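Chain nomenclature is as follows: A, B, C and D, assigned in order of appearance, with residue numbering initiated at 1 for each chain independently.
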Amino acid sequence: MEVNDLVIRFRRDGGVSHAVNSVSFRVYEGESLGIVGESGSGKSVSVKAVMKLLPKHAKFEGGDITFAGRSILPLSEGAIRHLRGREVALIFQDPHAYLNPTKTIGAQMVEPLLFHRMATKSEALVQAIDLLRQVGIPSPELRVKQYPFEFSGGMLQRVMIAMALIAKPKLLIADEPTTALDVTVQAQILQVLRRLKQERRMSLILVTHDLVVAANTCDRIVVMYGGRVVEQLPSQALLSQSQHPYTRGLIACTPSVRGERTLPTPIGGAPLNLRRPLPVGCLFAERCPHCMERCRSESPVLKTVALGHEVACFLAEPQTSGVSA
Amino acid sequence: MLRFLGRRVLYMFVAFLCISLVTYVLMKAAPGSFLSMNFQEGGVSQVAGSYNVSPIVMQSLVSYYHLDDPWYVQWFYYVKGFLTWHMGTSFEYPGMKTTHIIDTAFPFSFRLALMAVVTALIVAIPVGVITAVKENGWADVSIMFIAMVGTALPSYVVAVLLIVVFALWLHWLPVIGYTQWQDYVLPVLSLAIPMIGSMSRYLRNSLLDQLHSEYVTGVLAKGGGMRHVVGSHALRNSLLPLVTVVGPQLAGLMMGTVFIEEIFNLPGLGHFFTSAANLRDYPLIMDSTLLYAGVILIMNLLVDLTYGVLDPRIRRSFDMG
Amino acid sequence: MTEKKRTMTTILWGRLRRNKAAVVGGCFVLFLILCAILAPVIAPYSYTQSNFLATYQGPSWQHWFGTDELGRDMLSRLLYSLQTASLIGFGAEAVELTLGLFLGAIAGYAGGLTDTILMRIVDIVYGFPSLLFSIIMVVLLGHSLFAILIAVSATSWVGMARIVRSQVITVKQSDYIQAARGMGATGWQIIRRYVIPNSLGPIVVAVTFGIPANMMVESALSLIGLGVEAPTPSWGALISNGDQAMFSFPYLLIFPAFTFALTLLSFTFLGDGLRNVFDSKSTQ
Amino acid sequence: MLSCRATDEWGERVTQEPLLRLDNVTKQFRTRQGTMTAVDRVSFTLVRGEHLGIVGASGSGKSTVIKLVQRLIQPTSGDIFFTGVDIARMPRAELRKWRSKMQAVSQNPYASLFPNKTIGQNIVEPLLIHRIGSTQERKEKAMALMEKVGVPRNQFYAFPHEISGGQQQRIAIARALALQPELLILDEAVSSLDVSIQAQILHLLASLRGEFDLTYLFVSHNLAVVRLICSHVAVMFLGRIVEMGPIDAIYEKPAHPYTKALLAAVPEFTQGEEEAQVAAASEPPTPYDLPSGCVYRTLCPLASDRCASEQPALQALAGGRLAACHFAQV
């Protein structure tokens, strides 16, 4: 999967919202990629765009998305449906919202198989029950007959994972899968995700606002700000080698239950308002502590500073010491 | 579910008693009715005199209507009479039992209403689905504009407009009579058009709510097409809010026939009701009111039951208590 | 832009002005109200003045909308029936609003047993065949304007009560009411300062839709001969009158039917516009 | 009563004057499914200058505690003392006075701001309610507060829906400060914000604490955030406090297994360390159907027969800590 220079705008009521302003990233087979950014950074829009699941008023204004060597953007609705659910599966932040409240769990779980005519209803149900057991749901035979409102958030997120995996996709995209959950449940869900990714050798894209979650779950991390990728690097390099001021800022902001009890250093200013015209130059300039004159006039492009490490900042310097990617 | 059903039926019964009590009180309070005689001075002979009826006839009427008993006994007989379909005789058509009039006229009105509902549903559901799927397209905007006009007008104004166009200008359809099928086209359409307007608007809006909800993205992400989204998920869910509006509308429709029958001169219950109202034929007024009330209550019960069938959340919560 | 003093009203007003159908509907409603008020001034003839030498005259310069079977000027009769309809429409709505606000607010705000009892009553009244009930009321109370006012509003207040109640409950449960309670606001302060202003939207919309609904009931009653006492003109009476003579003198049917339809439509467009304005309140 | 006040130094200097004391407070709700005990015999004391954090998962009753403290709901049993006065059963009219000394900032700033009033008017509102000052004075005060929380004065006539989430939360804080409260209740006050904004608000809270002599009662599910603002912490599970005490001691060495699990589950930059032990999937008990004995026992790795038969009471441990576990020891 490869995304290149993607630009997406929302047009509504005469206003334009610059949701995604040139985003590029790649996921390799069997790899897990974390996409990190705060609200309005365009991370959710980017991954939904991958499967063309955006509302009608979203417009692709540039760029290209390829999956397994095929370009996706020119595909017809019918052709893209062959990919959805079978090749690429998605799970979302709020499982209660993403399931039809009036149909049973079982009926909704088998849908990917039925849509793609991969199994009969009864075969599919057997698979569904088996998968529910794999994601750790007790007595799945009874659970498939229940409705979403009879599940807790954590249990339902497990159901979503099972449902996403039923057609054996090559890539799983998880959009903020644990944001709405309690920490203990979050830990369980992430563990399930990691385990299944290993077992099934699929690729995983984890979209999250939590840098820590991404770093702990994924091999590589893409940091987004204002609808652009500002840094891309291996997870192990995050703490020691990240260079973009925004990434550094995020790390500094993140509170911890261990170590020194000092207040985190905040990033000043307010997040970019994507409804206004975009500023010239670096989108982070206004909040950047190292902002130079050049940042206000010229937009920095991603440049490689080490193997698998790209930074979109004028101050970024190539790493001399070898870093294991 | 059974407990829920029991509670609803019990509630319906209570509501029916209340309505019958109100109509009963109104009937007693009506000025100029011999039924209000136990409020009047002088008793049977006096009233008989003022109605130009012989005291013997009057006496039999009095005992027939239990007018010498206290009010709650009278009320009891009134309700019992309705429930056992043994109501009094009409004033206007002496010798004719009101039940007889209702027996012949009500099915006519009911058929008219039913035809209108079926027509409305046949048109409104596809229209609602198409406009919702093509949200904000030209078809959606123009159809919804027409639907809003339809909603704004009462059936009898629609009737007049239809008559003007189809009977007066184009001479396509007849306006008077009720023997051949063409006679029914305009009355049914006049009843159906306002309903098509409001039903398609409601269906469109509730279907749009569903289509905008996130689970639709979920279905699409699984590889489903619009056909799956609408057919096996959204339409069913959007019927729930539709049922809420359709129920009371059906009830209103039963009454809407009153005016349509008046305009088209059709011999439905509404027609008799109108003349009964004008001529102060109290027994007929009260009995048909009770009948309409009963129909409305049954409709509401059906609406509640449909809720239970359509929404598992409600079904389960009923099970719990 | 935010340094200037602004209120929610001006913002909502600005939004309403952008909806063309609502503006046209609103202007027409204003025009109708003016016509109704000024009917005695602008009507070319009295609505009772008959002229047996000029019966069934088609539209002409003397009689724009023609004359009826008694030679009465149709334009004047239409203007006066507009007056009747407005009196009933607005008057009954005022009655409904008072009852609905009072009972709905009490039920919504008090909750508990009070709410249950009041809402049961509302449910039962809701189960009444409302039009038939209005008819019975007219039969019992007579044909006076007041009687019809009562007949029209007798059952329709329940709708308003339901809207008010649900609105009050929504607002009452909102975070900002909790915040106000936490600040130490008294119950009365909360109702006056937050509950009423924030629940107004749907109520205003309901009123805008309620007025034409009342007009419909009024004209329906007069259609079957139970409206205001003749010779006071009313749309329903004019329509039923025209209905009888439609093949020979269609203008007697067309003019009242079309003006009535136009009146109802303009109210509906205004109401629809208002609903959109209030719906989009929070989403900008 | 206001004789002694603590200076603000991370709650280091603590006076013995309790600002808020809950004594065996229980709150039960009657619902369709039966009686639900949302808060079960909760007791704690908050001294002026201390800052107490209440942590727990959703449904642990922490929000209910906050509502009880504000007396937005009435406790089923137990006493709540605020500045030494029992407010649990105080008539509403009298409560008004006390409420001005105790203000709250809620999780969702947008929903808690009056939508029909500009942000300036929102700050003026509590002053209006208590009829403090003239129109001009109120406006001046609101402007001053806006500046204190870092919102430019020229935003006075902006509406809540026109400003960003971080700004909205600043306004909510300014509004809470308008009445010069002693106790500021923060109900998940930074949970809905992005980390970069969250850090800004935390800084703001830390600086206001000294300036306005505030005592914080901070409810959050985020253990890391609570640690930055509070001196003490109470951990709740299904309506009960399972562990309570000075924050450093508890975070370093949790005594209750639930606290341990909570702390272990907080994601940390681990740099490839081995994964923390995560409990297997099991549904926590619902408040309608509590297990016998210890409420945590169905999830607890240490559970024994004694836990099923005997409900552990909060017992004092070394270092001023309390824990409700049969196996608790430090």
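In this text, a residue touches a chain if its C-beta (ideal position, glycine included) is under 8 Å from a C-beta of that chain, and two chains touch if they have at least 3 such contacts.
Remember, it's a predicted structure, so these values are computed and weren't measured experimentally.
A comparison of the B-C and C-D interfaces places the larger number of contacting C-beta pairs at B-C.
With chains reduced to the mean position of their C-alpha atoms, the one farthest from chain D is B.
Centre-to-centre spacing of chain B and chain C amounts to 22 Å, using the average Cα coordinate of each chain. Averaging C-alpha coordinates per chain places the centre of chain B 55 Å away from that of chain D. Here the spacing of chain A and chain C, counted between their Cα centres, is 53 Å.
If you average the CA atoms of chain C and of chain D, the two centres end up 50 Å from each other.
Chain contact summary for the complex, chain B toward chain C: residues 11, 14-15, 18-19, 22-23, 26, 29-31, 148-149, 151-154, 156-157, 160-161, 163-164, 168, 248, 251-252, 254-255, 258-259, 262-263, 273-274, 277-278, 280, 285, 288-289, 292-293, 296-297, 300. The residues of chain D lying in touch with chain C in their complex are 70, 72, 92-93, 95-97, 99-100, 102-104, 106, 108, 111-118, 125-126, 129-130, 154-159, 161-162, 172, 175, 179. Interface residues of chain C facing chain B in the complex, by the touch rule stated above, are 123-124, 126-133, 135-140, 212, 216, 219-220, 223-226, 239-240, 242-243, 246-247, 250, 253-254, 257-258, 260-261, 264-265, 267-269, 272.
The residues of chain C lying in touch with chain D in their complex are 2-6, 8, 11, 174-176, 178-187, 189, 193-194, 197-198, 281-282, 284.
Per the touch definition, chain B reaches chain A in the complex via residues 135, 213-215, 217-225, 228, 232-233, 236-237, 310-313, 316.
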